[in-house]
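Below: a set of structures, written as structure tokens.
Two complexes, one shared chain (chain A), two partners (chain B, chain C).
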Partner chain A sequence: MKDLPSTVFVVDDDDAVRNSLKLLLKSAGIAAESAASAQEFLSTYDSSQPGCLVLDVRMPGMSGLEMQHELNVRGAIIPVIFISGHGDIPMAVEAMQHGAFDFLQKPFRDQDLLDRVQRALARDAENRTRLRLTDRIRERLSTLSPREREVLQLVTQGKANKMVAGDLGVSQRTVEIHRAHVMQKMEAGSLAELVRMMMTVAQ
Partner chain B sequence: MVGPSQNGRDAPADDAARERTIIVAGRSSLRTREVLNALAGFRNVIWPTSLESTLAETGAVTAGCLVIADDLREEPIDDLLVEARELQRNLPIFVITDSDDVAEAVSAMRHGATAVIELPRSYSTLRDEVSRAMQ
Partner chain C sequence: MSTPSADVLAVLEATFDAVVIMDDRGRILAFNRSAEEMFGYRTADALGRNVSMLMTGVDRATHDDNLKRYLGGGESRVLGKGRDVMVRHRDGSEFSVFLSVGRIPNTEPPQFIGFLHDTSLRRRALATLQHERELNRLYLDLAQVMLVATDRAGVIQLVNQRAIRVLGRQEADLIGQPWADCCVAPHDRPLARAAYRALLMSGSDEPQSCEYHVRTFDGDERFVTWRGVALRDGGETPTGILLSGEDITDQRRAEGEAHKAMERMNSVARLATMGEMAAGISHELNQPLAAIANYAQACARLLRTPAADLPEVTGALDQISSQALRAGEIIRRIRSLVRNEDVRRERHDINGLIREVHALLATDARVHDGRLILDLGEPLPPVTVDGVQIQQVMMNLVHNAFEAQGLEPHDGVPFEVRIATTLTETGDVEVSVSDFGPGLEGDVEQKIFEPFFTTKATGTGLGLAISRSIIKAHDARLGYRANQPRGACFFFVLPALQEASR
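Now for the complex of A and B:
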């Protein structure tokens, strides 16, 4: 499945800031949309849409930090770049501790914002690729029988068929058959690949 | 470091608690002294003589925290943080500064700091953070 094109969402209550940022991003060839409040953004946000957020810290109603919290609760992975007119260190530290991608103080140079946006979009693409891979592996895992899952666990711990047979109280031949099924269902070409898959989903 | 118990009376939990260590280091001796003052009353505070030996210490300490007293404005601390993070994945690292430069603080956070704390403005924040790390 191919991702939709990346979009930068600008959330700021100041019309002038919103419009100039949208213009800046579009002039750099980056698709941009905007919302005048956190509520407006959250009511239409689709987390399957790749991109990043440029989020004002202080807004009437729900603040940028509160909106970040809400996104975290929803399990959204979209990178957030905060922009702030009167940022201080405690505010920036709090935003970063809650997973902000970056925190930029106004006034900033256009290029500084564009650089950060590009980096955030690259990060988002990486995250989405990794998540897709994890989902695929989980899907394959779900097709295993309980016995096959036990065999998978033991062989990825490095146990030889003979030891697995002993652990499970079955014949070595039975383990071999289960193991072959596991490799087939997981679409793994080697034990090393299988181990890598298990490490990927464990992360 | 605490060695194996000679008499066998110490419970493992006690050993773990005793090994929690606050390592204080800094490129600014004035700032380092200020941090040590702020942490008066905490047990197991050590302050190695140089930043290099500090990084060696963070490798040996498995629980507690690292407090780096620094003047961010003089020289970015980012490389040092990356190095400390490689040695110690789990130890919280608090960067203490008297600068109010948000960009430097954000950069330190991006490079592995758990928090950036301004002194003398936030004595209580420092004590709170360190208390949490020592629990």
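Now for the complex of A and C:
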């Protein structure tokens, strides 16, 4: 499955700030959408849409920090860049502790924002690739028989076929057959690749 | 088993009392209409059943045995004697009746007749009457107001518990005593007597109100608000007066305290708003500034592209100018705020103002683990200032002083802030706040009063600027000098109030 194009979501209750940000992003060739409140954004947000958030801290109704919390609860992985009209250090600290990607004080230089947006989009793409990869690996893992799973576990621990055979109380020939099935089902070209897959899933 | 004759039954039906006839084994032979009403059984249902179903407690349990014992030649404890007993209604409720039982002559086997007279109604009526009397007294005593009744001459006829408690005396010591002389505080007696006369003369049934102090047994005074009404026993001329009074001493005291607390809260709120206002201002201003920066930067980018979308650029430029105007409007609002429309300049003792906020200032000291020292000169001439505004400035200066010292380790240096008031050579009042922090470096000293200049990570750069404008509005100047041996000292000199202008 190919990703949809990335979009920057701007959430700010101030019309001028919101519209100017959209125009700025557009002038830099970045697709942007906007919402005037946290509620408006959350009601239409599709977590499969890649991108990043540019979120105002201080908004009437649900604040930016509350919206971040809500996204965390929903398990959303979208990176959040906070923007604030007043440099409130404790607020910034709280936002970063809850996984904010960055914090910018208004007004800001366009390049500062655009750099951060690009980095946030790259992070989002990475996250999504990794998620997709783990999904695929998990899918393949689920096709293994219990015995094949045991063989996989021992093999990726670095044990030779002979030792595996000893551990499982079967012949070496049987282990070889299981091992071939594991490599085939997991679509792994080498033992190293198989180990990497297991580490990815373990993360 | 022989049933009573029709004649007998007809008589029974006409009897007002409930009548039950039973045989030698306790079975009901007759059950008249009054009995039906009393017990809730229909005659047809009652006939033939054991009479003990109408009884309660021990009577119910032992009736059959007692009957047997009597029939076997024993003494009867029941026959021929009337007594009150508890009986049971069909619905299970119990009530008392007056019961008399007799053996019907010439019946063999013997039959017995019982007359039951419902006494509970009469009892209840009596009890209710008694209860109401007690209740009336209780109401009188439970009343949250003091009740005092006097005759025409002002001699106490009745007092309730509340009044007795407030006055701290025994009821016996009050009844028969003259109200005004005995219970009213001496300085309020003329007032109390006048109110009393007015009430007697008014000829109206409307209650009249007045307030005066009573004197308690201990010699204390309680402030009471009274409503008096003339008592007329049917005639035109009042026979006396009923006073109901509410002891409002504590209430008045609480009101006074609440009022003071409210004033304190108000001034705290106004003090707090200085910081909040500054935060609000910077947020408000940063919004249009951010929009302007974004639009301008977007325009620059758009114009660099080969086929620039000119209408889009024009729209952005329009936005830039309107956002710049918005920022200007915000600044105008701030200026009108700082100009303080409601300046209330009144005569104040500067030391008093400082002592009033001392508790608040001391919190700052505790937060920074330091000491706040008051070095107030006495006596000082009064000044005409807006007290709360001067207190705002003091809060701000003290807060700054503690923060300045918190920036670096203070080994061996006293970590304290000193507020001093002194009389100047010209007879005016100087107020200074000094600390032992790093003090101000050359160029900082120049900029420190400029709006939005700050050395603090979280500062807004408005505290000192606003403080200075407040002091300036008081025809004075907020100045800075180095503190000796080290640190910063902010000071201002308030002109003393001239005797002639008081």
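The rule is simple: the second predicted complex is superposed on the first by the 203 of 203 C-alpha atoms of A that agree within 3 Å, B and C clash if a C-alpha of one lies under 4 Å from a C-alpha of the other, contacts with A are read in each partner's own complex, and residues count from 1 in each chain.
Just so we're on the same page, contacts are C-beta pairs under 8 Å (C-beta built on N, C-alpha and C of every residue); 3 or more make two chains touch, one makes a residue touch a chain.
None of these values were measured; they are calculated from a predicted model.
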item: Touched partner set for A:M199, first chain B, second chain C, both or neither; value: neither
item: First, second, both or neither for A:P107, with chain B first and chain C second; value: second
item: Greater residue coverage of chain A in the superposed arrangement, chain B or chain C; value: C
item: Chain B versus chain C as contact partner of A:M96, first or second or both or neither; value: first
item: Chain B versus chain C as contact partner of A:L24, first or second or both or neither; value: second
item: Intersection of chain A interface sets (partners chain B, chain C); value: 84, 87-89, 105
item: Chain A to chain B touching residues, read off their complex; value: 84, 87-90, 92-93, 96-97, 102-103, 105
item: For the chain A and chain C complex, residues of the former touching the latter; value: 14, 16-17, 19-21, 23-24, 26-28, 58, 83-89, 105-110
item: For the chain C and chain A complex, residues of the former touching the latter; value: 279, 282-284, 286-295, 297-299, 301-302, 305, 312, 316, 319, 322-323, 326, 457-458
item: Sites on chain B touched by chain A in the complex; value: 97, 100, 102-103, 105-106, 109-110, 114-118, 122, 125
